[in-house]
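The two complexes that follow have chain A in common; it is paired with chain B in the first and with chain C in the second.
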Partner chain A sequence: MSLLIVALLALVGRLVFINTSQGAKLLARTYEQQRSVVPLPARRGLIVDAAGRIMAGTSLQLSVFADPKLMPDKQEAAADVGRILDVPAAELGQDLVAAGNRRFFVVRKKISEDQAAALKKARVGGIGVFEEPYRTYPLGSLASQVMGFVSSDGRGLGGIESQCEDWLRGEAGLKTIICDAGRRAFWLAEDGYQPPRDGYHVVLTIDAVIQAAAEREVQAAIEKYHAESGVAVVMDPRSGAILALANVPTFDPNHFGDYADGSQWRYRNRAITDPIEPGSTFKPFIAAWALAEKATRLGEVFDCESGAWRDGARLLHDHHPYASLSFEDILAKSSNIGMAKIGKRLGNKKMQAALKAFGFGSKSGIDLDGEAAGIVRPPHQWNSFSTTSIPMGQEVGVTPLQLARAFCVFANGGMLVEPFVIRAVLASDGGVVQEHRPPAPKRALSKSIVATMKDTVLTGVVNHGTGTTAALTHYQVFGKTGTAQIPKQGGGGYVPDAYVSSFIGAAPADDPRLVVVVCITKPKKSIGYYGGTVAAPAARQILASALAYMQVPQEREGPTEYAGLTGGD
Partner chain B sequence: MTTLVFQPTRSSTTIGVVVAALMAMGVVMVFSTTASLETPAAARVALRDPAVKQAMFTALALLVVLATSMVPTEFWRLRGGSIWQPAVLLLLASIALCAVVLVPGVGTVRNGARRWLSLGSSAMGLGFQPSELAKLAVVIFLAAYGASRADRMRSFWRGLLPGMMIVGVLAALVGKEDFGTAAMIGAVGVAMLLTAGARWWQMGLCALPGVAGMVGLVLFEPYRMQRLMSFRNIWDDPLGKGYHQVQSLMTIASGGWWGLGLGNGVQKYGYLPEARTDFIFAIICEELGLIGGAAVIGLFLVLVWQGRRAMLNAPDGLRQLIAFGATLTIGMQAAMNIAVVTVSVPTKGISLPLVSAGGSGVIFLGALLGTLVSAAKRPVAVHTRGED
Partner chain C sequence: MPDTSRTMTIPRALLVLAMLTGVGIALVLLRAETARAANRVQRLHQEQSQLKHRLWGYEMELARLRAPQRIQERAAELGIDAHPPAVDQPPGPRKSAPTGPRTGGD
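Now for the complex of A and B:
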């Protein structure tokens, strides 16, 4: 009997021993056995436009998964599932066999709610329905090159999606659940809930309405002139905010896989990645610098040689011959010979300074990946040809964005701004994580030179020069047309009958609110190819609808010429 | 005239209270252990529900304790050689039932052992293990036998051998299917005979065949061998042969000092086999912690201690032997069960007395303990003046 008492006391000791000496090991094993850690995916942040319109969001779709290991008969399961999903059973069966012993195999994504209900009701062994997040772009292809897209495993590819991946992605949480031996979860472990941190929202400077107008007008110009492609940039000249970056043809990020047939180039944000030889739209920058350097003055008359002028080894032509033109009319009529003479007065060194001051040859610093710096030859490669080529926009490569940025100098009183598209990054509760702080702009031109350029020279282009098709009734537009030949790849002349028709401009002249660049590549020459014919009307329409949308006070009275947002034409 | 009145003693009262406490603990723990993810606790009122059954059996067992505690110990005393005496009939009945249960078609197999006699409709799932009755019978009969032959117990032929034969027959019948209970019956029987006055050296001779028989049972039933082997190296095959023991240790360890809280255990959801029967102690440790486990052991210690007091204070041999046998039976069963659950000894099919789920177990143990309570009472002669 005493032995029994000793034995019972010893068993208490045994309990203490189990808990102390073996406790940690046993407990670890118990946790491993009972607990299952479930990741809680974070919801990817939104991308919204300047007005808060959702441009990229995350929705949930119903998908079907299979655990082939739990299937008594794969072909039978394939037949059942195939009937409900309306896919051939043979195809499903093959997939299931190929899946082998994977425990989680996605059979079909994005099934309808009815199909999901039917599947649940059918209770096919080893088949289940789960919800998974997928990226959706409610505005379709709008600004798709800026947006980029998201791969099926949720990683951002291209555009803002890839660039802001770290902000948008968020941090997945964890849920530690306690399961019974049949792996059925029944409660949450203590401290077992680590909530996900949803991704931050990215607020763009892009305004979907202006973006839509820009894409629509570029598309219309492409269609009308049977062009290959086109881009448009709309900028706020005061801040550098990009209001629209249109690249047509575009793509639909909801179906990004549809472009694998060799049209992946559509993903590219050509407005910032593809430099073009600008042609005449480049003239105002050199002309303004010549004024600033006092190489010429307003009203000075140049001999324009009746349309043909030999300068050394070089024969220059004007599209329309003029005997002589004043400084301002050289721009209004876009005389190459006049500009060549201004270039010769200025000299290579000063022109190099001009290019630098307007930001050509270096990246604008826009907060988008893949920006090209453009092509400006290093000073030692400049020769006597450069002196006459560069003033008419040859021998340089600039992106449409660089053109827009440089033109902002004329629209904001002489400052070189830094363009940007990300206005702010917001936490999921709306708190500001990061806000764009533009660096102090650098002065490129004096106010008086800018005023002369804007109010006399560039206004003249629109009022009685090559850009009259850009004129608006209610606002004074100023700008410059361009019709550039496309250089052959690798040098050696130009592609015959291939042009980039362009227009850069701004309005209203009194207090410019918008700068617009439109470049249409390879319009059909027989229909029209001058910048004033092809690009200026598109720029005009963009300005008209954007100014109306922004409710910019009208400068002049006149009949309503444009129906605004409903699409006038 | 003089009547004999049985006054409760501290021992009898304490034993009664501890028994009731252990039974109550059993009902609560069986309720917790049989929790189901499908059925909310409030809906568990069906008669089939194991916890409801356990509650009913325990209530019945309490009545049995009460009833048997009021049966005077004298009831069991042997007088003369007639078989028409309660102790003899009890013994014969249990031998008969233990034999019958072995007949295929009569006994019911559960968990691979033919230990059960089914009673009534199978819907209620009533069953009864004759081995539980045998434990009761061996204590009562040997106590009566030893008390009636106190003068002859030193004799081998007339004292020890008949007693040993009875122990042997019962142990052999039970041992065919239930090794643990047989070993316990054998040990309790031997200890009772020794207490009754048998000589050690004679017992040693006598026990040899018994020990040989046990070794034989181990060798000829391969699953016993497996159990013995797996006990030694449970970590060699924690998901196979060592699974049960490893799970039991994990269950105990996950309770820590204070436990996960009543009802919060997880191991009962399919991880720990036989959680509500033989391994309920592990669940007690998981939910109520080391403190709870130690408290249960403490209750058994109190029971054993008070049983020992009752034995030492017994006014005669019959009471002494009943107190000894009953205390030893319950204490040993508890110790063996806890030793198995804590993987201190190999696995045997032994339940935690009064606590594990099981109808016949708690009822027959109730009878044994009621008899113990009765034996622990003090007989007092009261003189009354009769009318005539």
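Now for the complex of A and C:
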């Protein structure tokens, strides 16, 4: 009995000795052997359109990795894996040999579930399957320049993906697994679990249906007139929300690397980055300011010199000769001579004030990177040529976005709004992280001047002027066409037979809900190049689609012009 | 007289041994149950993760099906005209707007 007690005491003593003298070391060794820390990737946030449609999201793909150090025979492994993945074994073998003794080497990405199951069943030494997140754009190339894309290491490149990286990325978590002798996960360590924080979701003002309509019509115009490119902007004139920003040619962000043919310019959001000489689409802004400054009045008749007018050293021409035109018909017929005379009445100083009031020469403040401020020369560089050029939309560079924003003034009672694309940022549980709060708009024109321009002058352009191809049956459209020559790079005149055909407009006139700008670059002159021929019909179709989709009440009766999908999906 | 103190200590020792053994067994059983529960938690975590990932896949598939271009293509297959006609009826006169020749140029 005493021997038994002594033995028990000895055992207990030994246990206490081991625990106190080597306990910490043995525990650390246990941790190393049994514990495995597994990172838990955060899901990158979604980018959704105004109606909640997912424009960018994250999925998981199954990929194959290799640990060449654990492979007894690389060629045999390559043969086994190649047979399952339907890939030449020689090619795989070379990759494995090139990998050397790296412990983790991705063999193939995005394999099917059947292939993954076959690999697991084959139990090829040193080969494993893992899940990795990848960014996907289910709407394809829609609004791709606005969205941007994501690199292979998960970072945003360009567009919303890049500028909202901090919101979208999220924070990875981790879990500590206790493994058995075969390194299989046995249980989750209580103290070693930190859940990932998924990225926040970005809600845009872009509506995918309106965006699709804009891209479709711009593409159709480009194809019909053999043009180089085109852009369209669709905007809510009251809030400044951008409903569509179309740049064609576009690109597919799911395959963003496929454009190494020198056409990487298609990645640019040219509607906000590339200023153009606006041509006659600029005339309404100067004309409205002339009315406001009482430099002219509605109904005043100007001598349009039968289409040719020498002003000092300069000879100005109209596209069509007119002996005389009223103020409103100068816009309707787009007389350069008439506008030049209005410009001379206004004077450089007041025209500079007009440009500033409409936001030209400075950034609009849209929440997208890369916006250009446009080109407005400083006042001391203006001369007598400027006085007659600027009213015709020459000597200035404006972006299509700036044109749309400025035209909103005629559509919302005279206010210059700030455009925006990001409506809100939401957490994964739907809580609002950040919401767009627009700054107070500035008044650019009085309500009475705006009403005169909208209801008389600009509706006249569409009803009986150069913009009749923009007319709709059920809604009154008001707007202005433009056909601008393209200046040579570095100055010194214009490129022969190269034009930007444009139309800016809005509808319905009684309660404008949409402003549209369409600019088509370098249409083939022999087929057509006037703004009223090339751009106005595209703008009309965009307005028709969008107003029907938004179920805007019709202004007048008439034959049904839109018999198709009207809303929802 | 026989020595009862020595006779009494053996059952007492056996009793103590049995109690200790019982406690030891109970501890082992408790530990085993804890390990089983922790293993189940691990499996549930894994299952939750798999279900979450499957949900991501379904979300993306739904988004693809809802794409406006896809809906239009499907509408075209079904013979539904999904966008406005290319040539429209000219609008009727509105208020006192005079008509004039279409020029298109500016």
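The rule we apply is simple: the second predicted complex is superposed on the first by the 519 of 569 C-alpha atoms of A that agree within 3 Å, B and C clash if a C-alpha of one lies under 4 Å from a C-alpha of the other, contacts with A are read in each partner's own complex, and residues count from 1 in each chain.
Note that in this section contacts are C-beta pairs under 8 Å (C-beta built on N, C-alpha and C of every residue); 3 or more make two chains touch, one makes a residue touch a chain.
Values in this document were obtained by computation on a predicted structure and should not be read as measured data.
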First, second, both or neither for A:R14, with chain B first and chain C second: first
Partner chain in contact with A:T30 - chain B first, chain C second, else both or neither: first
Which of chain B and chain C A:G430 touches, first, second, both or neither: neither
Which of chain B and chain C A:T136 touches, first, second, both or neither: second
Chain B versus chain C as contact partner of A:Q22, first or second or both or neither: first
First, second, both or neither for A:T533, with chain B first and chain C second: second
Touched partner set for A:T469, first chain B, second chain C, both or neither: second
Touching partner for A:M1 - first (chain B), second (chain C), both, neither: both
Winner by number of chain A residues touched, once chain B and chain C are compared: C
Set intersection of chain A contacts, chain C complex versus chain B complex: 1, 4, 178, 186
Residues on chain C engaged by chain A in the complex (per definition of touch): 9-10, 13, 35, 38-39, 41-42, 45-46, 53, 56-57, 59-64, 66-69, 71-72, 75, 80-86, 88-92, 94, 97-100, 102-106
Parts of chain A lying in touch with chain C, wherever the complex brings them together: 1, 4, 43, 53-55, 57-60, 131, 136, 138-140, 142, 175, 177-178, 185-188, 190, 208-209, 211-213, 216, 279-280, 319-320, 332-334, 459-460, 463-466, 468-469, 471-473, 476, 481-483, 530-533, 540-541, 544-545, 548, 556, 558-559, 561-565, 569
Partner chain B, residues of chain A touching it in the complex: 1, 4-5, 7-9, 11-12, 14-16, 18-19, 22-23, 26-27, 29-30, 33-34, 178, 180-182, 184, 186
Residues on chain B engaged by chain A in the complex (per definition of touch): 37, 238, 246, 249-257, 266-267, 269-271, 285, 290, 293-294, 297, 300-301, 304-305, 307-308, 311, 324, 327-328, 331-332, 334-335, 338-339, 342, 344
